[in-house]
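Below: a set of structures, written as structure tokens.
Next come two complexes, and both contain subunit A; in the first it sits with subunit B, in the second with subunit C.
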Partner chain A sequence: MSRFRFDLLLLLVLSLQLSPALSDLIISKLDRRIDLTSQIVRVTMTLKVENTGHDPVSEVSFTFPEHQANNLALLLAVSTEGKGKNRGAATNLPIGVKQPNDSPPSLVWYAASLPKELGKGESLNMDVLAVFTHSLRPFPEKITQAEPQLLLFQDSAHFTSPYNVKVQSLTVKLPSGNVESYTKLEKTKFSGSEIKYGPFENLPALSYSPVIIHFPSNKPFAIAKELVREIEISHWGNVQVTEHYSIIHGGAQSTGEFSRLDFQARPEVRGASAFRHLIAMLPPRAHSIYYRDAIGNISTSNIHSDSSKTLVEIEPRYPMFGGWKTSFTIGYGLPLHDYLFQSGGNRFLNITFGSPLFDVLVENLTLKVVLPEGSKDIYSSVPFPVKESQETKFSHLDIAGRPTIVIEKVNVVPEHNQYFQVHYKFSNISLLTEPLMLIFGFFALFVACIIYMHADLTISKSSSSYLAKLQWDEVQGTIQQLQDIINRCLLIHDKLEASLRELSRTGDVQACKAVRKSADSLLKDLSKELKPLLALLQSSPQAAHILPKVEDLVMKERDLQEKILLKHTTVVDSYERKSMSRDAENRVAAIQQKISALKQEVDDLLDFVEDI
Partner chain B sequence: MAQSAKPISSPVPIAYYPSLAVLLLAVGLVITASFFIYEATSSRKNRSLAKELVTGAVASVFLGFGSLFLLLASGVYV
Partner chain C sequence: MFYAGDAVPGNGVSPQNDVLKTDKKEDTLKERPSRKNKKKEKETIEKPSVKSKSEKKPLVLPVEASFFALFLTVLLGGFYVVHSVWAAAEAYSAPSIVLTSHSHDGLHVFDDFREAYAWLSHNTEVDDKVASWWDYGYQTTAMANRTVIVDNNTWNNTHIATVGTAMSSPEKAAWEIFNSLDVKYVLVVFGGLVGYPSDDINKFLWMVRIGGGVFPHIKEPDYLRDGQYRIDSQATPTMLNSLMYKLSYFRFVETDGGKGYDRVRRTEIGKKHFKLTHFEEVFTTHHWMVRIYKLKPQKNRIRGKTKKSKSKTSFTTTPRSGTTKKNPWH
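Here is the complex of A and B:
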């Protein structure tokens, strides 16, 4: 130890600019609490750092033995100013690994940078949280169904600090009041479910005093070997989260046979080390929740929701004993406006990082954030170091694929469930690509229909049936045109009648004459158009059987036309003479009768022709 | 999180998706029906290409948006 101090002093002498000697700092008080109530070991430390040297200090170092540092999932340091009720706001300190060249082997150093330098004689309160995984070793390593699980925990009663510690104590909290055995030092107290070591006074830097605690614990030992969490954003109003778990019971291996009967009869005794269900705490307003695996839906799940959270209790298909594995998928939708925000021209997703399952350690977490097609300038901000890459995912109605940001992290503990952000740029116009694709799809269908109807797919163009069909098509077309013309004629007739009614109302002879004039010219045109059609029908052998009817129709229509014109002339004439003779009235009445009869006939014939 | 962050929601309220789907699809199918009736009844000679294309285009706009909202309403968020 003295050699180590000497080296540091030498270094200081060699380069005055180097960070001040570690031994200038002392820890005047250190309280360490180790929580062993779950599979994840949480160490909280409250310490008071004092600067006894001359130079201001900007960093505080923590050291952990290498075997612990390998299992360190999270290290957080918070500094607070003042004491008791005058405690100021807590500031999170950035922490980085900083290995001095002359460090003793098998020690890992972490340095927390202080918000402001600690001057001579000043002191600072710090709270440190360290979370360790895989630190509890089951012993014995194999147990039967009926045996409880025993765990072994190993640490040092003295915190291996690089500074001298004036007073320090350690409290270990166990899941229950039972303990198999524990290391007894001179100052050791066991009360309730807590073992207290210390207080130890005036310990030199890097002092070490191993303690081993052997205790029963049947807390769920659920470890997710692999979790793939996919968050898919749809700007149509949904954030879809899909989580694929493969979970193992990481405690003592189950050995011997498993009796379902025993388990069912007395699960607390004959299956104490197993866990039957897991609880996921989903955000409020989660909807469309599902829980399934490769076989299909797993019906043993329950949902309780309120305004602040949605609790989902999921039960695997079988109770989980040590070493047993299961894999399943849970998925849920979240409302978009709770998680997606806009600031400036940027959009960002703000959502929690880790698994929603309670007290589950995730060994390998792969988080995929699938952004909508057309997103640009993507970057993420995660509050802790992660591995990041990008890929493309193809989903519904995609052309170029959706940009996906892939975040990977090992050893994720519930403390990592912090909010993180994914920023990107997206234009609302891109929202329209999906409906446009559907529209073009349908339009292509219609165009295909049109092409099919217009195309002539006959192979033998000279066969008689084909020619007959062509001729018949022509006849049909002609009849349709003819029908159209006659309908137009009938419309003009209606107009003439209407003008007569108008005349009787207003007595405006000129207007009535104008209508007559235009009707005359139109009717003339129509009869001209009619002639070639009729000629065509007469020449076509295919139309022979319907020709009489069509000719009849045309005749009747012409007759009707004449009568209506006659009626019109008579009425207008009498109006011009300002008197309606009895004779004229009779004539009009007679014409009107004929007109009605003819109209009926024309309508009947039209109906017939339409049926062809 | 930035102070000026504004939550983003969907362009059309989610609650309207099912009724929009039914309405747009109904209109789209009626227009489709009229398109096929026209195809089947008018003879090859006096069929108008412009009319066919316009009817088809209008029908596909309604069917396109209708099927989009049908997908969204049934939980397939495209």
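Here is the complex of A and C:
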């Protein structure tokens, strides 16, 4: 209270000193409406400014006491032309902080520049919106679970304007019809859930009349101490938004005891000031929405989506009482074509600035827009003052990193949830760098494999082990060829036997003889081929351990060959003579026995040779 | 075909056997070529016939039947995949910190443990110590990020016995023990409202036994009625006065309109209406599975008789009846 008295005194003193220095604007009509229905105080003023002086005026000033100006989150002024039915277009007036030199520091001045100067005798209608945060103080500061939350609001019934005000009135809207106490001035009326002060007439500039309202409010007091919002753009069609929240209940603190029984049985009575749900309004076509915190997924959430919005209702793990904190992360993806626009090589991203949660005050907002690698000439345009910087984020398949623009703001209210743009240049060809990098990577891998398979990486070509290896390879090759030849010989033997059977069936001796002739010639060729191979094997020292077996094989095969040929001749001869002498038959039988035995041995040896 | 005659007039009778043998031999020899020829004939005849048979043999199964069989095999493979995924999801995916139950309107999730740990991590001071039974030690350390007194390592039996003794003692003694350990919060797990069987009342027998093993003033028969641990009207007064009973069932009777029916023990509780003098309830999770209590600070003024020998505590308590229990910390 002492602070107010000091200010009041100061302002009264100032009003006497400063009024002649200001331009001759007067406010002919002022209607102020203070909305206390949520944790954020919104003051809307409709005023009519008149120029009673001689000089044209190009700006209209507003003043706020310092403690209020520290909590001012947003100040908007809109001017409309004409009156009543002829109301023209509303134009936003740019507002800047403009502190005159002779003003005390406890008074902060804002100036709204008019689009065209206000001439002598002209008047202008303006609508001003001022949003204040942290203006509602919980009183008592600590409450138990059963008590309702009472808030204290202090302001002035007279608007502290640097100009004289002819007629003004103030309406205060409360969240419910109950009020603990309020300052009663001479013209005060309390009806429904509104307190009306005024109308006050002919007040001098910078007049001040303190008003204190003590009222109950059970609206959720969710304050996000810190919000880090990361928007990552991928030109392959997705904008990924990740939001990290640290939420605290900013109302009256809880004394500490919490009874779940009381809260569950009668939540309106026991725990009226607590809140359980937070509602976020996401753009339509938001997909892959997740809600998690440091220890895992939180399953208490609901999504209702339609064509114009996606409503996400999230419930923190426990109900939030005064002073209780929680933190969580919400993430979702948005289709790129709704937010990214381009003309030529210039692209810009058009997306909302603030948090999508309803009625949550963000004390520190850090917004990071991560652009794809290779973006240049990055700048942003935000409709209100913010702090900007740039950094780099390294993510997968990045060489130089992704340029990130970091925007920070303090005291962000839901009115700040407007669209802002980030402009940058990105050529279409740079879109191919990532796939080309992957393709080149795999290509290089495969080429390296090919080179490795074909390259000769032996260290020395004359070492004994290398030579031994070479020789062994030769030996193996020779054996392979030998095997081949022997197999062909066996095939020819089979042919001869088949011809004998044909002979016994048909009696055609000539055909048999023809087969015999061809077989003879083939066998001769094969034996010729066999000779150099054998020589090679004999000369090679590596083949020493298998040479006896191989020679044995060759000899046996030769024997077999001879026997078969002999048998063939005998049978053919006996056919020719058209008689089968007993002698011949005996011989044939004996030969046949030997042939079978030899065949068996040859097969065994062949198997052995194959296994080498 | 030439065919030598069957019997050959023998040369002499003397070597009859030989003749016979030779006859036989000749016969066999003769028959051999003939048999050979016959065999050859048979072979040649059989071979082409076999070949023609093998050529004329049809496919093993008709086309439609084989397609149907293939389709059934693919269907079997598909069902196997579906069944494996279902079995893995239902039977092998129980994380045991998030419990689920199927009700008529879908899946009901019991995330009470994480709710309690998140509350502890955000709404207590960094240096606050939490006392609970050792089962929850690692979880509290990891998720709530708070110091615990005993955890799953269980390497210090005396320390676990201290916590067990505190849980089995009446409120004042328990307060003293916890205060000496600089504990701020006590955490108990209670499954009686929802029917969660692995709660601290079911583990209470171990608290008594381990505590009694180190501190002789905790005697297990004090808590048993007919050899059983009970919490209903037949429970012993020591049991009904223990801290674990009081912290688990504090105001539990008001949840179901005065009966206090414990769904795990399937009985109504013994002591229904009581107040806590040394502890205050600071948090209970949604399904009452985790209950967190805070140690009340000491009062500044001593009311009633001052105890000159034991000057630490200054609470007003109900007059002690029966024998004075030996305080392990004196």
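The definition used in the following text is that the second predicted complex is superposed on the first by the 417 of 612 C-alpha atoms of A that agree within 3 Å, B and C clash if a C-alpha of one lies under 4 Å from a C-alpha of the other, contacts with A are read in each partner's own complex, and residues count from 1 in each chain.
Simple rule for what comes next: contacts are C-beta pairs under 8 Å (C-beta built on N, C-alpha and C of every residue); 3 or more make two chains touch, one makes a residue touch a chain.
Because the structure is predicted, anything quoted here is derived from the model rather than measured.
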Partner chain(s) touched by A:Gly237 [first = subunit B, second = subunit C, both, neither]: first
Partner chain(s) touched by A:Asp293 [first = subunit B, second = subunit C, both, neither]: second
Touched partner set for A:Leu438, first subunit B, second subunit C, both or neither: first
Partner chain(s) touched by A:Leu397 [first = subunit B, second = subunit C, both, neither]: first
Contacts of A:Ile450 with subunit B and subunit C, given as first, second, both or neither: first
Contacts of A:Phe258 with subunit B and subunit C, given as first, second, both or neither: second
First, second, both or neither for A:Arg317, with subunit B first and subunit C second: second
Which partner reaches more residues of subunit A (counting touched residues only), subunit B or subunit C: B
Contacts of A:Glu585 with subunit B and subunit C, given as first, second, both or neither: second
Subunit B versus subunit C as contact partner of A:Arg501, first or second or both or neither: second
Subunit B and subunit C footprints on subunit A, overlapping residues: none
Residues on subunit A engaged by subunit C in the complex (per definition of touch): 256-261, 265, 293-296, 298-300, 317-318, 323-327, 501-502, 504-505, 579-580, 582, 585-586, 588-589
Residues of subunit A defined as touching subunit B within the complex: 232, 234-238, 240, 288, 333, 335-338, 340-344, 347-348, 350, 395-397, 419, 421, 428, 431, 434-436, 438-443, 445-447, 449-450, 453-454, 473-474, 476-477, 480-481
In the complex with subunit A, residue positions of subunit C that touch it: 2, 26, 29-30, 32-33, 37, 40-41, 43-44, 98, 109, 111, 114-115, 117-119, 121-123, 143, 251, 254-255, 280-286, 288, 294
Residue ranges of subunit B touching subunit A (in the complex, touch as defined): 1-2, 4-11, 14, 35-36, 39, 42-47, 49, 52-53, 55-57, 59-61, 63-65, 67-68, 71-72, 75-78
